[in-house]
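Below, chain A partners chain B and then partners chain C, in two separate complexes.
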Partner chain A sequence: MQTAWGWPIAIYLFLGGLGAGALLIAAAFEFSGKRYQYDFCPTALVGATVPGPLLILGTLLLIFDLGAGRREPWRILYMYTHFSSVMTWGVWLLTLFIPVALIYGFLEILDAFPATRQWLKSRRWLRWTAFLWNLPLRQTKRIFAGVGAVLAIGVATYTGILISAVGPAIPFWSTWVLPFIPIPMLPVLFLVSAISTGLGLTVDLAATLALGSVEQRLKSLPWIHLALIGAETLLLGMMLITALMAGGSAAKSAQEIIAGSYAIVFWFLIVLPGFIFPFVVHAYAIGLGRHSPVSGVGSGMGIVISGLFLRYLILISGIPAAL
Partner chain B sequence: MLPSHWPKWTIILIALALAVFAVFFGLVLEPVAQAMMPRPTPTPILPMLHYAAPQSWDCIFCHTNYEKLRQFVADEAKLERLWIDPADIYSTHGRLGCVTCHRGTGNTQDVALAHQGLVPNPSDYREAAKVCVICHGNVRTDIPEKHIHTPHERILKGIREGWEVCACSNCHGPVAHGEKPLASHEGLAAYCMDCHQAKNVPPERLKCSGCHIAPHDIALDCETCHRSTRTWSNVRLAVHPVELTGAHAQLACFDCHKKPNFRGLRYVCSDCHQRPHTFGDENCERCHTSEGWRK
Partner chain C sequence: MPATISRRRFLGLTAAAGVVAALGLPLLRKEASSAEERPKARYALIIDTTKCTGCGACIEACRQRNKLPEGLSYIRRIVKGNERNPWFLMVQCQHCANPPCATVCPTHATYRREDGVVLIDPRLCVGCKYCMQACPYQARIFDEKRGVADKCWLCLPWVLGGGLPACVEACIPGARIFGRADDPQSEVAQLIASGRAKPLHPEFGTEPSILFYIIQEE
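Right, the complex of A and B next:
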C-alpha cells in the first residue's frame, strides 16, 4: 500500500467529483428546460449552490495535505505557471470552477427566491451590486451553467488524470481502459462516478427530501440510474481485470481489493451501497412504476458514500512499482 | 418530506450537511471495516533513505577535480578510480548525493573528517539493506522482456538476513558514477563464474541459460549456436539440419527462418524463392545450384 496520499486527498477527490457531478446535473436540468417545468426545482437549486462550497472545502484539504501548503500556503502560487504539470492544470481548473460555481449558485438563488433580490436591493451597503439588477437573470445564469458544465467535466476528469499521471510509480492507478487501449481508466471512471454521485445528491437525496415524489417529475430517473450503475460497474470491473492481467504490483492492488486486505471496504462499502442496493431499488421502481421516498434517500446516500470509498480505496490500494 | 413550515432554501444546507456527513461516516466506518481484515503492510518508500544530496557538494567539489584529488592521491590508477565525471552527478543515482549512500561527513572540506565513517561500497551485502534495497526491494527474478533471469530473490533475501552474497555493484556497476548497469559482460561473467565455481554451484547454472532466457522454442543450449558474449548475432551453423553452402552460407538465420522460433520452413526452394519463369517445376535444384541462380 502507498502511504503518501490518504484521507485528505481521498476527500478532496470525492468532493471535487461530487461538486462537479452536481453542477452537471443542474446544468442538464437548466438546458433541458426541466428546471422551469415547476415553480421550485430542488435539484437545480442544490446542483447550482452546493458545488462552490464543496470545492472550497476540498481545495482547503488539498492545500492542508501539502506539507509546504501548511507552512507557506502562498507557495501554491508557484503551481500556476508549470504548464507541463498535471497539477497546474488542476490548479487552473479549480481556480476557474470555484468562482463560476459560486456565481451560478448565487444566480440560481436569485431566480428561485425572488425575495432575495428585494432583500439585497434594500441593503445600503450592497448598493454596489446595482448593476446586477439590469442583467437578464436567466440568460446570464445559462451562460454560467454552460461554462460551469464544461469546467465540471474538466474537474471530474482531472481528479482521475492526476492520480493516473503518477502511473509509472503506482501502476494500478494508470491501468488502461483495456490491455490494448493505452488510455488510463481512472479519468473515465471518475467522470461517470462524479455524475452518479451528483445525481445521488441532487435528485435522490435533495429532491426526495424536498418533494417526496420525485418519480412524478422525472419518470426516467430509475433508467438513468441503472445506466450509470451499469457503466460504473463495467468500468470498475474492466479496470480490475486489466490490472489483474497486467501482473506485478497492479495485479497485487486488484487482488487486495477483491479478496485481500480491502475486500470488506470494497464489497460492503462500495459495491453493496453504491451498486447493488441502488440497482435493486431502481429496478424495483421501474417494475412498480413508483419510488418510495425511503428507498430514494437510501439509494442516494449509498451512492454518495460509495463514491467517497471508491476514491479512498483506489488511493490506498496503490502499490509502488518494483524498481 | 420536509416539514412544510421549513423554508425551501434549507434543502441547500441539508445537501451540504449530507455531503459532510458522508465524509464523517466514511472516516468512522473505514477503520471499523479495516479492523475486520488484516492490516496491509505499508510498502517501504524513498523517505526512509537518509537523503543527503545538499550535504554532498564538498565531496563533489574534490572528486570531480583532478588537481584537487592529486594533492591527496599519488597513485594514478587510484586517482582514476576516485575521479568522478561531473556529468554523472546529474544521473538518476548521482542526484541522490554522495553522502546519501557513502555516508561519511557532509558539508566539510576537512578531508579526514569528510571520510570518517565512509562506506566505500554501499551495495555490499552488509550495507545494501540500508541503501539500494530501500528502493529496489522487490526486484524481479525473471525479466522476460530482456531474456534474463537472475537470482535477485535469493540475493535480496541474503542481504536482508545478513548472509554473504554478492554486492549489487558486482553486476550493476557503480550506478551513480556513470557506469551503465550490466555494461561489461566479460567482467560480470568472470565475477559470477569465479564465485560460483568456488562455491560449487551446479554446472548448469554456469551455462548461458543460467542467466539468459532463450527466446527460441528449441531444446538446444545457447552455446550450440552462439559463440560470442558480446553479441548474440555471432553464430555458427554447426547444427543446421541441411548443409548450407554457397550463397545460403552467407545468410543470417532469420533471413529465412521466422523469428524467434525457426518455424515455417519445409526446406524447399519455394519457401523463400519465387519462380521467375513458367517452365519447369518446384524442384529448382534440377537446374540451379546454391552458388547462384545462373549456375
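Right, the complex of A and C next:
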C-alpha cells in the first residue's frame, strides 16, 4: 500500500466533497424555489454557510501535510504555476471556491435572519458596508450560488481526478468505469458521493435537527436517497469488478477491500452506515409515508461517516504497480 | 491619512513582489539551467542483472555520496525469481523522457534537462509528495529534514566533470555500465542498439531514457 498520503489527505478529500455537495444542494434549493416555500430553510442555510469553513479546514490540512511548504508558506504560491498538474488546478479551484462560498453563506445569513442586517447597520465601524444595502440581496445571492455550484462540481470532481491522475503508478486509482470504457471511475464516484454526503448533511441532519422532521420540506427525499445509494452501489461495484478484471496490483487492491485487510473498514464503516442503513431507513420512510427524527439523524450521520471512510479506504488501499 | 495610504501601497507592493517572485522564480531557474550549457550528451546507465549479485554496494555508495540518512538510498533492491534461483532488480530513477513526476508536480520543482536527466529543484519543492505517488518505479524518497522530494540525480556534478555515478564506481561485479549513448562506439550504445539492454516496464509509458536493463532470462 502507498504510504505517502494518509489521514490528512483523506479528510481533505472528504471535506472537499462534503462542502461541494452541501453547496450544490443549497443551490438546488435556491434555484428550484424550494428555499422560499417556508419562512425558514435550514437546508439552504447550512448548505450555503458550511462549505466555506469546511474547505478552509481542508486546505489547512493540506498545508499541514506539506513538507517545505508548511515551514516556508510562501512556497505555496509556486503551486499556482504548473498547469499540467492536477494539484495546481485544485489550488486554483480552492482559491476561487472558498471566497465565493463564504460570500454566498454570508448573503444567505443576511437573507435568513433580517436581524443581522439591523445589527450590521447599527455598528458605526461597519458603516462602510452601506453599499451592500443597495444591492438586490436575492439576485446577488443567486449569482454567488450559481458560480459556487459550478465551482463545486469542479471541486468534487477534481478530488477524484487528483488521485486518478497518477495513472500506472497506482493502477487501482485510475481504474476505468468499465473494462472497455477508458474513463477513470474515481472522479465520477467522488462527485456522486459528494452530492450524497452533502444531502445527508443539509437535509437528513440539518433539517431534522432544526425542524424535528424533514418530509414536509422534501417529500421526494427518500427517493432521491434511494437513487443516489443505487448509483453509488453501481459505480463502486463497477469499479471493484473492473479492478479485479484488470489484474495486477489494481486487482490486489480490490481484493484487500472486499475480503482482505480493509474488509472491515469497507463493510462496517462504509457499506453498512452509508449504503445499507440509509437504504433501509428511506425505504421504510416511503412505506410509512413519514420520517422519524432518529432515522433522519441516523441516516445523515451514517452517510457522512461513510463518505469519510470511502476517501480513506480508496487512499490507503492504493498499491503501487509491481516492478 | 497619507500614512495609511503609503502603508497600503507598501503592503500592495510587497504582495505584488511576492507574486512576481513566486511566478518568476520557476522561470528564472529554467533560464539558469539552459544557460549553464546546452548539453548534447545522452547518458545511459545499464544494469546487467545477470551479473548483479545483489550485494548492495551501490545502495551504500549512493547513500554516502549523497549524504543520505541511515537506511535511505536512491536505489532500491527488489528480489525477483524464486527461492532456489533468486535474482536482483536494482531500481532507481529511470530518468523518463515522459516523466509523470514532472507532469504532476504543481511547482516546476521537478524538471527534465535537455540531456534527459530529471532533477528536483529543492528551492521550489513544497513537499506535497504528489510526484512520489505518480512515479511508477517508486524511485522517489522524501527528505524529512528539508521537507522535499529527493531521488537519483545521476551524480550529475561528477558526471559533468568526467566522473562516474557513485553506484557505477562501487559495483563490484561490474554489473553497472555507464556511458554516452550518443557515441555509437560506446559499449552502452551498442548494448542498446543490439536490443540486449532494454528499458524497464516500457508499458508504463514513461519512456525511461537513461536507465536500461539486461534482464535475466527466467
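Simple rule for what comes next: the second predicted complex is superposed on the first by the 323 of 323 C-alpha atoms of A that agree within 3 Å, B and C clash if a C-alpha of one lies under 4 Å from a C-alpha of the other, contacts with A are read in each partner's own complex, and residues count from 1 in each chain.
Please note the rule applied: contacts are C-beta pairs under 8 Å (C-beta built on N, C-alpha and C of every residue); 3 or more make two chains touch, one makes a residue touch a chain.
Not measured: the values here are computed from a predicted model.
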Side-by-side fit of chain B and chain C on chain A, or clash: clash
Chain B versus chain C as contact partner of A:208, first or second or both or neither: first
Chain B versus chain C as contact partner of A:75, first or second or both or neither: second
Touched partner set for A:308, first chain B, second chain C, both or neither: first
Touching partner for A:198 - first (chain B), second (chain C), both, neither: neither
Chain B versus chain C as contact partner of A:166, first or second or both or neither: second
Which partner reaches more residues of chain A (counting touched residues only), chain B or chain C: B
Partner chain in contact with A:320 - chain B first, chain C second, else both or neither: both
Chain B versus chain C as contact partner of A:21, first or second or both or neither: neither
Partner chain in contact with A:4 - chain B first, chain C second, else both or neither: both
First (chain B), second (chain C), both or neither touched by A:261: first
Footprint overlap on chain A, where chain B in one structure and chain C in the other make contact: 2, 4, 320, 323
Complex contact set, residues of chain A against chain C: 2, 4-5, 65-71, 74-82, 84-88, 91, 163, 165-170, 318, 320-321, 323
Residues on chain C engaged by chain A in the complex (per definition of touch): 18-19, 21-23, 25-26, 78, 89, 91, 100, 103-109, 122, 124-130, 132-138, 142-144, 146-148, 200-201, 203-206
Partner chain A, residues of chain B touching it in the complex: 1-2, 8-9, 11-12, 14-16, 18-20, 22-23, 25-27, 29-30, 33-34, 36-43, 45, 135-136, 138-140
Interfacial residue positions of chain A with respect to chain B in the complex: 1-4, 7, 11, 14-15, 18, 40, 42, 45-46, 49-50, 53-54, 57, 109, 112-113, 201-202, 205-206, 208-212, 249, 256, 260-265, 268-269, 293, 301, 304-305, 308-309, 312, 319-320, 322-323
